[in-house]
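The next part holds the structures, each set out as structure tokens.
Shared between the two complexes below is chain A, which pairs with chain B and chain C, respectively.
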Partner chain A sequence: MKKDLLGIADLTADDIHLVLDTAEAMREVGQRPIKKVPTLRGKTVVNLFYEPSTRTRTSFEIAEKRLSADTLNIAVAASSVLKGETLADTAMNIEAMAPDMIVMRHASSGAPYLLARICKSRIINAGDGMHEHPTQALLDAFTIRERKGRIEGLKVAIVGDLLHSRVLRSNVLLLTKLGADVWASGPQTLVPPFLDALAVHVTTDADEAVRDADVVMLLRIQHERMTGAFVPSLREYFNTFGMTSARVANAKPDVIIMHPGPMNRGVEIASDVADGPFSVILEQVANGVAVRMAVLYLLAGGTEGD
Partner chain B sequence: MDADRMGRSLARIAHEIVERNAAALNELALVGIRTRGVPIARRLAHTIRDVSRHDIPTGALDITLYRDDLMRHAVGPQPVIKKTEIPFSIDDKRILLVDDVLYTGRTIRAALDALIDFGRPRAIQLIVLVDRGHRELPIKADYVGKNLPTSLSQSVQVHLLEIDGRDEVEVHDASA
Partner chain C sequence: MKILLKGGRVVDPANGRDGSFDVLMDGGRIARVGRDLPAEGARVVDIPSGLVVCPGLIDMHVHLREPGQEHKETVATGTAAAVAGGFTAVACMPNTSPVNDNAGVTEYILKKAAEANLARVYPIGAVSRGQQGEQLADIAELRKAGCVAVTDDGKPVATAMLMRRALEYTRMFDIPVIEHCEEQTLKGEGVAHEGIHASALGLRGIPGEAESIMASRDISLAALTKGRVHIAHMSARQTLEAVRFGKSRGVAVTCEVTPHHFVLTDELLGTPVPYDTNAKMNPPLRETADRDAMLAGLKDGSIDAIATDHAPHHYDEKKVEFDHAPFGITGLETAVSLCFDRLVHAGVVSLARLIELLSVNPAKILRVAGGSLADGAPADITILAPDMKVAVDASKMKSKSKNTPFDGWQLRGGVAATIVGGRPVYVNADCGLRIAD
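Showing the complex of A and B:
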């Protein structure tokens, strides 16, 4: 593993398996009466969040505390950025306090790369703009591997807002590295050009993507990132791409339904599917803690390059 | 130490365990330290069952997350963590902690800390196949397969059938 976890693009298939295997052991720690091990005692982890986040920030914080790290949450509201401090200045100020790791979420793609160049601290990308969200893809892979026993050869359909989704990019990179058959489906207006360069089947026909799928992964329609008119109406989107029981019936009988959250019920997913027997959405959340513990542990040591 | 001697040492330890805990066999539980303490613990459980008709619950402990040297080396990737599997409550049990080689005692210190996070055992006893000396902490084994005086420059390798395909204990000189 490298010094930082900035994106799945930097990881080899072996790195990915190491994270998933380590997460297996970490999950057991969460099942003990005392859910804490002394591994990162004396290490300081700063959670630097420039975008609102409940799930990811909480998940990282629980992971850090279970490893006995000292944690500090900095939620940077848009207003304090408007005071005029640049990201580089913020980074140098935090670096001056010498934390061991920084977990960062930022609305701009590539922001964690800037931080990684400036800081000696290990940087973990917790989502940067429309670029990557590596720990989400790792916890998704962990969930799939646990349910299906493997990732290689599975048909994975990813349906939703492909254009604005960092979860999509990280998942496509990871799943193709591990040999899955990845299908992506969404309205033509929401298909990003970078998909052409990857080994992904792209279709605007959600039913074609879902047919005989082992895994169906839904992506949120991101109102907050949409500045143009990408879909005529949410109602029409639901009719064409929304995951209903009728659509799920075309997938494999043991399909699993995934969603990185937060869900828009009645937009990308029907309520009865979200709460139904195929849904592993809450397992994803539970697995997130173990996967993030694994990442924190693996990055805390030395690196091959040191 | 060859396969024959190893077998006899483990059989003797199993008998000693039964003798010393005769009044409380149902309170015993074996916990092997990964990697090679685990198959040794299973073999002991097997022999104890043959001798006493008692099934001793057996678990596996990975102490990596409790190591005291974990974050001290700036070089090299982190050690691989394996799963800890203790499928029973250790509260009020007499825990027989099992490892292959007793050396500095630091692994045992980590194992004691890890175990106590799982509950409050009535007692913990230590079983090792080989005691090679050079303790750095005040730790002593209750059952020893063989005392093997070594120099600091030597290394002791335990090979087990389940992992390495043969039963043997080897001492290597650093120069070799």
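Showing the complex of A and C:
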């Protein structure tokens, strides 16, 4: 693997399998009575969050602590970004204190690349704008592989706001690298141009995407999308694309339903589906810790088996 | 003082010349152009073979940033960059601070230009007061103070009604309204061309239609008013179609393209440096079909001029997240090399056509002196070195800002010397020209 994890685009299929295999071992740590190993003892990890995040930040922090890293969290209020210190200056100041790794979440696509150009520390992208969210795609892949035993050849339907979603970008890159049959569906206003250039089936018919799917992954619809005239109303969105039991009935009988969170119940997903037997949404959250432990471990210089 | 440029290849399309001629300058003007002219007391400057003597290049679209943004550029550093890039004159945009919407600012710019005493500076005034798009600026006063055109550059003239009035009002002075074409609601918060590269990088897109829709509005209004509209920094193939349509109907529309829009594409957003803020400009670098359309327009004559949109920014301002970086790159010191390398040597246009694009036509559009080596014309001359090997080095540029995506490029073709009003203001030491006093 490279020095940093900036996006799935930089990973080979072998890299991805290495992370997933390592995560298997890491998960076992979380099942012990004392959930801690000394692997990253003496390593400093900075969680630099320019966007509010509960799930991802907590998941990284637990992963770091289980590996015995020294962690600290810096939450930069969005309001201070423009008037305050530049990202470059913040990065140089943190770098001066010689951390080993920086985990960054930022609202601007590409911000981790700027950080990586400035810092010798290893950079992990915890979500940048509309670009990538690589650890989310890795934990999704881990969850699929665990449930289905494989990724290659599975029909994966991703339904929701394709245009603004970093989860979509990372998942499409990862799943196509591993040979899944990826379908993406959303309103035509929310279909990004680059999907056509990848091996992805794009359809505005959610039922076509879901039909015989092994995996259905939902993406969050932000309320502000209505002001941009992307969708007329949340009600109309739910009626056209919302994942209801009736829609799920067209998928394979053993379909799994995924959502990266946070969910809008009654918008992209009906509550009975979210809470129903096919849902693996909380497994995704649980697996997130193991996958992030694997990423931290591998970037810190470990290789599988040592 | 007399200087005789002896034995160069003179390319002077306005007077139908392309061949070996001598050029005699006297008192800041062209005295004569002819074969084997006698020295008659003039200092004789031998032009080494391979160099080209042509009317001074005119960059009709630059940002000199003074007054108000002197940390990016000043009239002095901007005109030093201009003459180093072969330009004897530049026309500077009014989006300074304060905006050049009154004679006081125009006079200030001209005073700074006179102090720098390098390239000629032609200020361009604002269309609207404060570039706010509400009320016309005092255009008669701006014209009298020395402005050669008006524009709200940085944004389009806000409404169709105001554009209509501007086109009508400027007819009294025979100056063009230069338009930054951009339909603002379609642009939205876009930072890059809407295409596969921006999409894969998660950058908000600006479609080519944001430009062409506004250009179409303005061409229609130029037809209505008989005013003259000049489309600035055209980037989209759809805009070129709109311009061709206008020209075919006899509308007084002209247009310019920048070197970066006929050399680069949006692929630069991701490679070699992902999210390089020197790939961020407005209008954005577009896709290959657009770049190729610009080359075709240069070749077939639909495009009137090449201008740089020289947009210096301090390195602090560019060393930020892509979303937050200002739009624009410098252009004065790379334009000639890019034009030679990508247009002349690539067989897209002839040298004579290039000089029309860089000198003859800008002078015509702005109705300023220059673009010709006619007897009695100001002795504004650029001496070009078509085969010079140029290694672009931003750190050595005269511009105060170094925001160029061309740093490190190897190009063929450059500038040997720049003469303004008979006075050599720039000489490239590597060309064997002994021209300085």
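In this section, the second predicted complex is superposed on the first by the 295 of 306 C-alpha atoms of A that agree within 3 Å, B and C clash if a C-alpha of one lies under 4 Å from a C-alpha of the other, contacts with A are read in each partner's own complex, and residues count from 1 in each chain.
In this section, a contact is a pair of C-beta atoms (placed from the backbone, for glycine too) under 8 Å apart; a residue touches a chain by one contact, two chains touch by 3 or more.
What you see is a predicted model, and the numbers here were worked out from it, not measured in a lab.
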Which of chain B and chain C A:R166 touches, first, second, both or neither: second
Contacts of A:P193 with chain B and chain C, given as first, second, both or neither: second
Partner chain(s) touched by A:A91 [first = chain B, second = chain C, both, neither]: neither
Touching partner for A:M26 - first (chain B), second (chain C), both, neither: first
First, second, both or neither for A:G110, with chain B first and chain C second: second
First (chain B), second (chain C), both or neither touched by A:K36: first
First, second, both or neither for A:H131, with chain B first and chain C second: second
Residues of chain A that touch chain B when the two form their complex: 1, 18, 21-22, 24-26, 28-29, 32-34, 36-40, 42-43, 67, 297-298, 300-304, 306
Chain B residues touching chain A - in the complex, by the definition given at the top: 62, 65-66, 70-71, 73-78, 80-85, 113-114, 117-119
Complex contact set, residues of chain C against chain A: 188, 194-197, 199-205, 274-275, 316, 319-324
Chain C-touching residues of chain A, taken from the complex the two chains share: 9, 82, 86-88, 106-111, 113-114, 128-132, 166, 169, 192-197, 228
